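Worksheet: one structure, shown below.
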Amino acid sequence: MANSKFEYVKDFEQPDILLPSTWIVVRIDGRGFHKLSDHYQFTKPNDRRALDLMNAAAVEVMKELPDLCIAYGVSDEFSFVFHPSCQLFERRSAKLVTTIVSTFTAYYIHKWTEYFPSMPLHPPYLPSFDGRAVVYPSNGLLRDYMSWRQVDCHINNLYNTTFWMMVLKGGMSNTDAEQELKGTVSGDKNEILFKRFGINYNNEEEIYKKGSVLYRQFELQEPKSQEEEKDGTAVPEGKQSRSQQDKLRKLRRKAQVVVDHVDIIKDDFWERRPWILSGKPGKLPA
Amino acid sequence: MANSKFEYVKDFEQPDILLPSTWIVVRIDGRGFHKLSDHYQFTKPNDRRALDLMNAAAVEVMKELPDLCIAYGVSDEFSFVFHPSCQLFERRSAKLVTTIVSTFTAYYIHKWTEYFPSMPLHPPYLPSFDGRAVVYPSNGLLRDYMSWRQVDCHINNLYNTTFWMMVLKGGMSNTDAEQELKGTVSGDKNEILFKRFGINYNNEEEIYKKGSVLYRQFELQEPKSQEEEKDGTAVPEGKQSRSQQDKLRKLRRKAQVVVDHVDIIKDDFWERRPWILSGKPGKLPA
Amino acid sequence: MANSKFEYVKDFEQPDILLPSTWIVVRIDGRGFHKLSDHYQFTKPNDRRALDLMNAAAVEVMKELPDLCIAYGVSDEFSFVFHPSCQLFERRSAKLVTTIVSTFTAYYIHKWTEYFPSMPLHPPYLPSFDGRAVVYPSNGLLRDYMSWRQVDCHINNLYNTTFWMMVLKGGMSNTDAEQELKGTVSGDKNEILFKRFGINYNNEEEIYKKGSVLYRQFELQEPKSQEEEKDGTAVPEGKQSRSQQDKLRKLRRKAQVVVDHVDIIKDDFWERRPWILSGKPGKLPA
Amino acid sequence: MANSKFEYVKDFEQPDILLPSTWIVVRIDGRGFHKLSDHYQFTKPNDRRALDLMNAAAVEVMKELPDLCIAYGVSDEFSFVFHPSCQLFERRSAKLVTTIVSTFTAYYIHKWTEYFPSMPLHPPYLPSFDGRAVVYPSNGLLRDYMSWRQVDCHINNLYNTTFWMMVLKGGMSNTDAEQELKGTVSGDKNEILFKRFGINYNNEEEIYKKGSVLYRQFELQEPKSQEEEKDGTAVPEGKQSRSQQDKLRKLRRKAQVVVDHVDIIKDDFWERRPWILSGKPGKLPA
């Protein structure tokens, strides 16, 4: 309704529409969570309550934005993925990123007391997150992105598990533990864990080793042969109509969002859940 | 520490550094606040508690980010302004916008019960905000941006005040009130308010008429003559060193952030507070 | 070597790197060629010399930039295509576009007298071209882009052929011909051509009906079955090393650039020339 | 007129509108001019014919684009400057840059024989240029950009003059001359020139020492006092109407484009020619 001679300043807004027909990944990261996790005394190397709170907030984001196909979380970061056919907010980057960051923050703060009942939040130690959008032009690239995050999760968790064992159980100083771990490979760390602390890393909890995968649950499929698979995951050309999009959105809303801790690097995960890459909702489980 | 063959996917992140030596305005807007304000029964046309909560959250944002020069809020929106010399986060757009959106959201949720003690927040009605960054190349353009928002505040508030009087006091239906107001000018609305409801719009509260201006409080200056003013507000060329920036940041942190409801369209506001446009902190008040 | 206190102004250059792993299409267009073609008395509806000159200039661009996979020209426009794996100029948009525009212009001007010996160029009627880069995330999208240009060629040429017959042979005014053609479909135009002027549009020259396709000539392949084809054209992930790129560049330089006037909408063209979509040079013809 | 199901590919074009109210500098550079100048035997350290050809091409660009305020050339590069109020091509970056690059190339090739009558152009040694656009938010920054180029000109020319004297007159090898000049300052080079070759650098031709400044000639003004100057050069806010722009364009077309070799670092040049920074054409000289 409002109109004035100053309105011309709107022309300075520059468009930020993300390239059509590409995967959009919005990754958010906790700001200053090192300090924050000390302040609220998060358990080392992993605080189960903190991870569950991250996942709970991410589930709500998935529910509010049915356009999201999959999300992956580890430590204080979460990646949310929109399908190449997604038209939400006309694919405007700032709109997509800020909506996710703000919704996530809102639920994280709101649900805090549920997960940390004896540790009330108080300024200036309020958790907050920053975020960015990146686009990937093919299914293969998206899967490499997801693999990158899960490999990172593994590498960091093996390091942190070993480091904190050496410090908390082994009585070493932080500096000494760091020094000893410098230049070691996975095998070395597995050996330290096993020989000094009787820990078999393989028996650690999946949520710590694999991170958390969130997606909508439809009926699982038999893994397809490779040729079919290639077909099934092709990025669609052209543009979906608004009513098609609304229909798909409704179907996705009906599916439950599940939190899984499984391998997403190998083909099996994707072949059994073809709806993630295809963007076409599957059959609801009985 | 983590390294893998998948790391190449990082190359797909595209730079989003905002043009140097320009004013950066980050404007955030409440998402779906129409529905939300109904749900939590905000008073019409203005809910003082809601505005105070917006301002309280914005004050915290200003405190956390001393690089911010000024902020202006009205209704469910807030504009935060960084100086042309600002180097925060290397001026990366997504980083600046998401940090502000997330910090604001965190405080808004955290402080909610303080302002709405009898109205607890609950999903799916959690407040959230989206945001965007726009740059302005000169002081004149920044001032036109600020004027645009304040004129908008005035136009909207006059309309809303009249509309809700006609509905709440006048017993009209929403549609009838809307119909009657169509095509009216300011004078018409002032007359409706005065003749039908005995209200002199000029006597309405300043916070509703002018919105809220937040800035750091230094000693006010005598308005300068025009030539001096031009000098004082020139956008500086070149780049500040990191240590200069840190020093300025410390000085700004010491100043109190105040919430004001004053005219920011005329020169007087800016001439008395030269530190806002110059980016050079003034003298702390005694 | 040069260094000065003013060098900071370089920081204002903003990066313009095109998204990795996407097809880059640089399309150039003649500036003011309507006026220009009148001035130099181009034959209507098609001037063979002008098209041959366009193609000659484009062949030189292909030779100078072995990273180019294919080019397509029609009327006063030309589209040049770089492969998703292309790293030329670090994929900087302005650098790619201006290099093509300038090289094309240089050859167009230089070769002019060869094609228009009796019609010397003179200012202010010097031909020039503008250009832009667009990226496409998949092979399917690139092929749709190429199809778009070729369908456009067909539609425009059928119209122009009919229009100019009506004017030049039929003695109609431009306005009358335009008026009569308004709202007609292909069938109508074919009929006008045949009934009034005894012209079977199918017998028109291929260069006019199909435009010009430029590519490097390797040994043609048998069209593959669909599954293999899908494999063969997959956009490669990851990044080629600089030495790999140099090697491919050398192989491409050895191939002859040919000018063809064939259908590029159907699969056949692409299946017989798999090196275009794969980016892997084929075997040189004996 | 043309329409097809493939037309959706147009949606992949991304907007590239340059920020309003900023100076636009388009700088073009000769591609591979080192090799080219060897091939066509350019005189060292400066070839007057080559510089005159650059300037002649640039003058034509200025004439074709009356929106250009000023241009500065040195060696094989040229910077063309559009005023903050310029709306040409809706300020689309690729359109502005390619138009300048292509027009410049066209004239450079076309006029070559006029400047190098005995040295005909021939492939693959056809001159071409690349280019880029950069925006500057204030008059001060634009002047610093221009100063940067002119300081560069001076530093490079002093070096080249000394180097080629040592080689051509002094009989030194390229490597020896380079070695001796490493680490020297201006004073050292002036001394070498004077002591060994009897050359007073100050007496060298202005075109080599200062580069070439192109602008439209209106009546020179008395240098203003500083306060007035500040007023006169302020970047205008708001947007000019199309008819205003057309009118200004016509006035600019009437002015002669002159080629000057003068200092553009100090204030004097700009104060006497206020139309350059103000964008308002002056009075035509009698």
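A few notes on this one:
For clarity, chains are labelled A, B, C and D in written order, and residue numbers in each chain start from 1.
One rule holds in what follows: contacts are C-beta pairs under 8 Å (C-beta built on N, C-alpha and C of every residue); 3 or more make two chains touch, one makes a residue touch a chain.
These figures come from a predicted structure and were not determined experimentally.
Interface comparison, C-D versus B-C: the pair with the greater number of contacting C-beta pairs is C-D. Rotation angle relating chain A to chain D: 180°, from a CA superposition, given to the nearest 5. Centroid distances from chain C, each centroid being the mean of CA atoms, peak for B.
A separation of 50 Å divides the Cα centre of chain B from that of chain C.
Centre-to-centre spacing of chain B and chain D amounts to 43 Å, using the average Cα coordinate of each chain.
The centroid of the Cα atoms in chain C and the matching centroid in chain D are 32 Å apart. Of all residues in chain A, those that touch two or more other chains are 8, 12, 14, 19-21, 135, 141, 144.
Remark: chain C residues 1-4, 6-10, 12-14, 16, 28, 31, 60, 63-64, 93-95, 97-99, 101-103, 105-107, 109-110, 121, 123-124, 126-136, 141, 144-145, 147-148, 151-152, 155-156, 159 touch chain D in the complex. Note for the complex: chain B touches chain D at residues 19, 21-22, 84, 135, 137-138, 140-141, 144, 227, 230-231, 234-235, 237. For chain C in complex with chain B, the residues that touch the partner chain are 8, 11-12, 14-15, 17, 19-21, 238-239.
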